[in-house]
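The structure under discussion appears below in the form of structure tokens.
Note that the chains are named A, B, C, D and E in the order they appear, and that numbering of residues resets to 1 at the start of each chain.
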Amino acid sequence: MKKRTAKKRTQNHKKHTGKAPGTLVYTGTKTDKQLRIESFDYNKDSIKESELTNIEDAISFKDTDSISWINIDGLNSIKEIEHIGKQYDLHPLVLEDIVNTTQRPKIDEYDDYLFVVLKMLYYDSDENIVIEQVSFVLGKNYVLSFQESEGDVFDNVRERIRSGNGRIRGLKSDYLLYALIDAVVDNYFSIIETLGNKIEDLETDLFSGTAKEDINIEVQQLKREILKVRRAIFPLREIINRVEKGEHPLIYKRTLTYYRDVYDHLIQVSENIDIYREMIWSLMDMYMTTISNKMNEVMKVLTIMSSIFIPLTFLAGIYGMNFEYIPELRYRYGYFVLLGVMFLMFLGLLYYFKRKKWL
Amino acid sequence: MKKRTAKKRTQNHKKHTGKAPGTLVYTGTKTDKQLRIESFDYNKDSIKESELTNIEDAISFKDTDSISWINIDGLNSIKEIEHIGKQYDLHPLVLEDIVNTTQRPKIDEYDDYLFVVLKMLYYDSDENIVIEQVSFVLGKNYVLSFQESEGDVFDNVRERIRSGNGRIRGLKSDYLLYALIDAVVDNYFSIIETLGNKIEDLETDLFSGTAKEDINIEVQQLKREILKVRRAIFPLREIINRVEKGEHPLIYKRTLTYYRDVYDHLIQVSENIDIYREMIWSLMDMYMTTISNKMNEVMKVLTIMSSIFIPLTFLAGIYGMNFEYIPELRYRYGYFVLLGVMFLMFLGLLYYFKRKKWL
Amino acid sequence: MKKRTAKKRTQNHKKHTGKAPGTLVYTGTKTDKQLRIESFDYNKDSIKESELTNIEDAISFKDTDSISWINIDGLNSIKEIEHIGKQYDLHPLVLEDIVNTTQRPKIDEYDDYLFVVLKMLYYDSDENIVIEQVSFVLGKNYVLSFQESEGDVFDNVRERIRSGNGRIRGLKSDYLLYALIDAVVDNYFSIIETLGNKIEDLETDLFSGTAKEDINIEVQQLKREILKVRRAIFPLREIINRVEKGEHPLIYKRTLTYYRDVYDHLIQVSENIDIYREMIWSLMDMYMTTISNKMNEVMKVLTIMSSIFIPLTFLAGIYGMNFEYIPELRYRYGYFVLLGVMFLMFLGLLYYFKRKKWL
Amino acid sequence: MKKRTAKKRTQNHKKHTGKAPGTLVYTGTKTDKQLRIESFDYNKDSIKESELTNIEDAISFKDTDSISWINIDGLNSIKEIEHIGKQYDLHPLVLEDIVNTTQRPKIDEYDDYLFVVLKMLYYDSDENIVIEQVSFVLGKNYVLSFQESEGDVFDNVRERIRSGNGRIRGLKSDYLLYALIDAVVDNYFSIIETLGNKIEDLETDLFSGTAKEDINIEVQQLKREILKVRRAIFPLREIINRVEKGEHPLIYKRTLTYYRDVYDHLIQVSENIDIYREMIWSLMDMYMTTISNKMNEVMKVLTIMSSIFIPLTFLAGIYGMNFEYIPELRYRYGYFVLLGVMFLMFLGLLYYFKRKKWL
Amino acid sequence: MKKRTAKKRTQNHKKHTGKAPGTLVYTGTKTDKQLRIESFDYNKDSIKESELTNIEDAISFKDTDSISWINIDGLNSIKEIEHIGKQYDLHPLVLEDIVNTTQRPKIDEYDDYLFVVLKMLYYDSDENIVIEQVSFVLGKNYVLSFQESEGDVFDNVRERIRSGNGRIRGLKSDYLLYALIDAVVDNYFSIIETLGNKIEDLETDLFSGTAKEDINIEVQQLKREILKVRRAIFPLREIINRVEKGEHPLIYKRTLTYYRDVYDHLIQVSENIDIYREMIWSLMDMYMTTISNKMNEVMKVLTIMSSIFIPLTFLAGIYGMNFEYIPELRYRYGYFVLLGVMFLMFLGLLYYFKRKKWL
């Protein structure tokens, strides 16, 4: 299944190969789903929330004084997105990046808007990590957000807009963008928590000796998951750093503290990922020593059994020979003497292995 | 137990996920303990030390001319901390960071105060490393310190304030902050001393061959401890570097030498940690070769015993056959000749293994 | 075969060693093929495409107002290339680099032209990666491109020029250069897709246990392929970065966004390569643990069989001895008692190995 | 032999230890050979080549208008070199570095001359890499070169000066220096070609299974050779980079392109060395898995033979016992039945090992 | 013994923990030895050398016009050092660093003096590396040096001062400091020479197969020695670099060339150390493959012996059975036929192992 996913991704890029730059090609899974547009239009005092059915309605928010958040779910409908793009004066390459879901997290600064692509992570029902691309366009008093499919981590932001809790209603669109990015980053923590737990479970298994034989497959898969998450999260640091350091006129100075806070969180997530990475390499080492230790134990049993009984069997073989003249065979207590000798040899070898600490 | 700790930490972050930024959520262990506030108010000539019962009292120190150190133990009482925060004009994100004990060491520079978070390390009674977060707010003539629980490494600083030893009483709040940070950093040395001793004990065990089989578990745990300590200490370097290099008006030039000294100590601690890290990787290698060597020895015993006695047993088997006509069996001294032959083979094989240096 | 290629490359360099700098020496495979020159001359309104037979014709495009793309296939004909070089005022070292196919990707900025060398990658019919050098000279209104042999990844660019699709016809030569480089970079994705699939196939084989014994040879070859691709692609990042950052007068500001886009793609390709590299190192580890696990299993079978039957054989040997007086031999049911004892020992050993989890 | 070389090197440094800085101590092998001085004095139109017998003659070239290349072979004659140094106003430390053949490649910029030390590599008759130090002093219209012994890689440069081919006769001393350095760097390619071939031979041996047991010694020696070459070549990159970037008045702008070309070559050599380094580490890994695979095969043979014949031998042992009453022994076809049973067991075990894929 | 040393070091730091900054605590081994003060006072024309008994005398040199070198052996006498410190106006932290022998090499620039700490390395009589701390204070016309104990590497400098050889007598205190540091650095070469020889001895042992079983302990100890040396030497590079680059008024421009020379030497030492480090890691790898190869050989002997004789023994066992009716037993030449069959089997198996290249 993993394999199929990987193939899909690259084939999707191929669909694109050779098209003129700026040609919109959706690289995600095609569905019949329609575009779903949801809008929040608010200022300190009032708020209007609506689900739009007509794209034209989305455009009406562009020049209002109030702050608007237009959230578009589903990147299937290339034409509609192209239409929105034109109305909001977006560069063709921006539109291309929005629908190209293999895009690496990035930031592009244009004169009158800011374009940010990042990855939203969550676990699906099968406990696999799903990576969904989210693009933001930050304008003077609007934020456009584009998601691959419905369902996101923004419910809390919606709630705060509706209730007017916190500072969100009183501030500009740059704070709204911050709130949305912060929601995405906060969610990374629960992802890496799960990764951390998985590593610790494997470690406990290895320590207690209850690890299954195919634990190296699990370790390998965990390693790949970490690589995947790392790749989705790490570029974001540089992006937020650029927002925080940069002097784009759309980001007000008072919001910078908040972006710095997101940046700190990202550093923390990154450090955790790198620690997990180091831990999982250690696990592999642990596993190797465990295997070697087991083999050592197996070898010891074999060696002890063989070393004790092979010489004894040889002795028995000696007296099983059919030579006509073997004097010992005729002794009255030959048999018992031999048994005694054998027993002494047995004890001697036991003692030898005991001293070698193999027993 | 380790595992539980890890889960706790991440679940604690979850408690926070989705709250509006600046919402105070304490992420440590909840206790019934009350806030404990202790204050030092001093100048060159006089000193007043008191344990405060009322938070309002803590605020009275803000505008005095003398230097005040207000130390708050216990981050349970969100409300009281919020109250202090408001009185001292702290940014909501600062308060959020103070009570969020999963915070990475960091420094935030505000116009009229400096906010520093770092980690205090000590061993608890079970010889486990405990990491406690300490936050400092450096104002014009006060230092606020926030700790998770009672008990700290500042007794010596208290003593110096009381007795007027050293320069502390004659200098400003920036020197007080230095003294406190210095106390924390000095304590790191005893932590890494213990780590170093543990590594050397393991090494001695491995060298002398008295290592237990589960030594790789100990090595693994030590590795994790080092990772933990590393992560708590390393970010502090950058912080002190910024204090030393930066030009925050609250840090006077004459104190910079002292901060540089702390910085040197941190570099020294960091180098030691990295050396320990390298040593512990080496230990793992050592352990692997030790296992392989042991297996080699086991195999040699097996091979020698088998190679000597299996051919001899075969010979005995030959003359144990019941063929009607086996001429040797009838020879008068057949048995003794055979014994002689066997003995020669035995010697020959011994010599062969001797020459191969397996004996 | 690989080996031969490597030798060829270095011997080719040798041909060159000791010549005066700027001496043209073609380092690719010699063929009888003639130079093939193809030209596109276009502006917003018109387009003229022609295959040139005479080099002189190639030179006529130099000073037209329209944009010209002159594509030269085959670097065999040193003289003709030298002739073109002189007409276009190219530095001798530029010409030397064009025909030296061992050149590392690079960019050289001259006053009135820009010289870029890069590597075009594709799979030949035997599924081996072929690395072909392509050099570009970007002038005020022309682009010269030099390829080792016919066949390239530019068909799509040709198509866009012919049809007037996209922006290509309306923009300057810097956009043409971008379009050509973009075509090369887009093709890298299909290369790394194939590499990715190979890695995943190997991984699946290892996981499922169906891996052949010589899988380490395949892993090794894959590692070398990745090294090869890495070396061809990585220097290009720096080159595009310099184009994008630099301020060469031939690159107009409006095209920079496009170069930044290529740069992003290259970063993405590079990251993938590095991930594949890490995965393939992991594969080697996986393979080692697989071998060790198999050996463990082999050893267990040996140990169980030996440990069970060697002691039993010893017992049988005891009663096969020919002592005149062995009381047990005369017991009526001695044989059956012994069989019973043997059976019990057998069960006991089975139980012992069961408890050790070796069965 | 290797060892002796290493000791020599360090002992030679010792000779020097404790002398006043600027004291000339030759650290190479002492020979009776005299200094050999060869000079080229040329301009665009004329050329004078001579072998000097008197040092004083070397000094006469200092102030001519034509370009002079004075090449000194043999660093034995400290006094003569000191004499030249004084005439050319060289700093004592420069002279010390010229005769100290353990010097690391470096560049020192003085007001009116440039001092460059680098390493010339070639294979001696025993296929060992020889590292010879070459020092250059670039003055306004002269280049001094100092070599440890006769024989170098400059024949081609001599040829070009004599014949007037290329640009060398028409340009300044900075171009001459470039030509000399370029000759040295060009020679590095043939060195790394040989290294590459050695690695590939080892690899082929490992792949085909024809590797000798002591292949790890060869791998180790190759590793050391690569380390040695790496150390001789890598510092040169930084040096050429400084020449190319720097603004020393003796290096004219028009020559910079040529130095950049040398720099590109050095990058290419360095990349190759690093790739060889990675490949040789891979070889070691390959070798380890090869050993493990072989051991696995050995173990399988042992296990199969033992597991099949040990139980059968036990059965035979049973019926070799001398109990008076063993009913089976008296059956008419007991023997044949047993043989049949044994044969079935044999087949069963064969089938078992077949299914386990051990056969 | 190693262990004790490590403990001592860290316990010594503990002695210090919690003291007010600037409190002098000697962290080396306490002895009864008195302070030993030796002074050189010289200018171009005259020189006065004396051994001081009174500390006050040391102070008299401070303001003379001649250059003075005051060398203090033994850091036991805290009070005297404190006294000197006060007279020379040294910062309390400088004094603290002088007596704290666990100090990392460092440089501190003060307005009218420069403080440098570095490590002097030498082998003691037991061939163990001893690390002794040396601190220098460079003033306008004096250099103070503080050593832990008598005996140093400065004899050559003393000689040059006395005899007036070289430039030392004619230059300022900055050249004196250079000469002292140069003497320390020159000595590093003999340290790393010994390390290099040790590595080569181990390598030779491994190559020739004469390595003892506990060679991994030696390797481990060598690794630690290298770590130790590395840590003592590496920070010095940065220090000299800062002296050379920096613009401290006490370092005259004409001396910079000399400091650059020391810097080059340090780079050379560092590179050697890193090469040794890489070589010793390789040694470990070598050792592992050697072990595996040996085990392989052991296994082959076992397998060959067992595989040949176990089936033959089985055959013998067959005809040792006591069935009443075994036709072969009655054949006249049954025994000889069987012997022949056995011999053929023996040859067949030999041939099989020969073909497998196990023999």
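Methods note: a contact is a pair of C-beta atoms (placed from the backbone, for glycine too) under 8 Å apart; a residue touches a chain by one contact, two chains touch by 3 or more.
All figures in this text were calculated on a predicted structure; none of them were measured in a lab.
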Same or different contact residues where chain C meets its copy chain A, judged by the half mark: different
Computed distance of Cα centres, chain E from chain A, in Å: 43
Centre-of-Cα separation between chain D and chain C, whole angstrom: 26
Multi-partner residues of chain A (each touching 2 or more other chains): 288, 292, 295, 299, 302, 306, 310, 313, 317, 320-322, 326
Successive chains along the ring, chain A then chain C then the rest: A, C, D, E, B
Chain D-touching residues of chain E, taken from the complex the two chains share: 155-156, 160, 165-168, 178-179, 182-183, 186-187, 189-190, 192-193, 196-197, 200, 203-204, 207, 257-258, 260-261, 264, 267-268, 271, 275, 278-279, 282, 285-286, 288-290, 292-293, 295-296, 299-300, 302-303, 306-307, 310-311, 313-314, 317-318, 320-326, 358
Interface residues, chain B side, partner chain A - complex: 2-3, 6-7, 10-11, 13-14, 16-23, 91, 93, 102-104, 106, 108, 213, 216-217, 220, 223-224, 227, 231, 284, 287-288, 291-292, 294-295, 298-299, 301-302, 305-306, 309-310, 312-313, 316-317, 319-322, 326, 328-335, 338-339
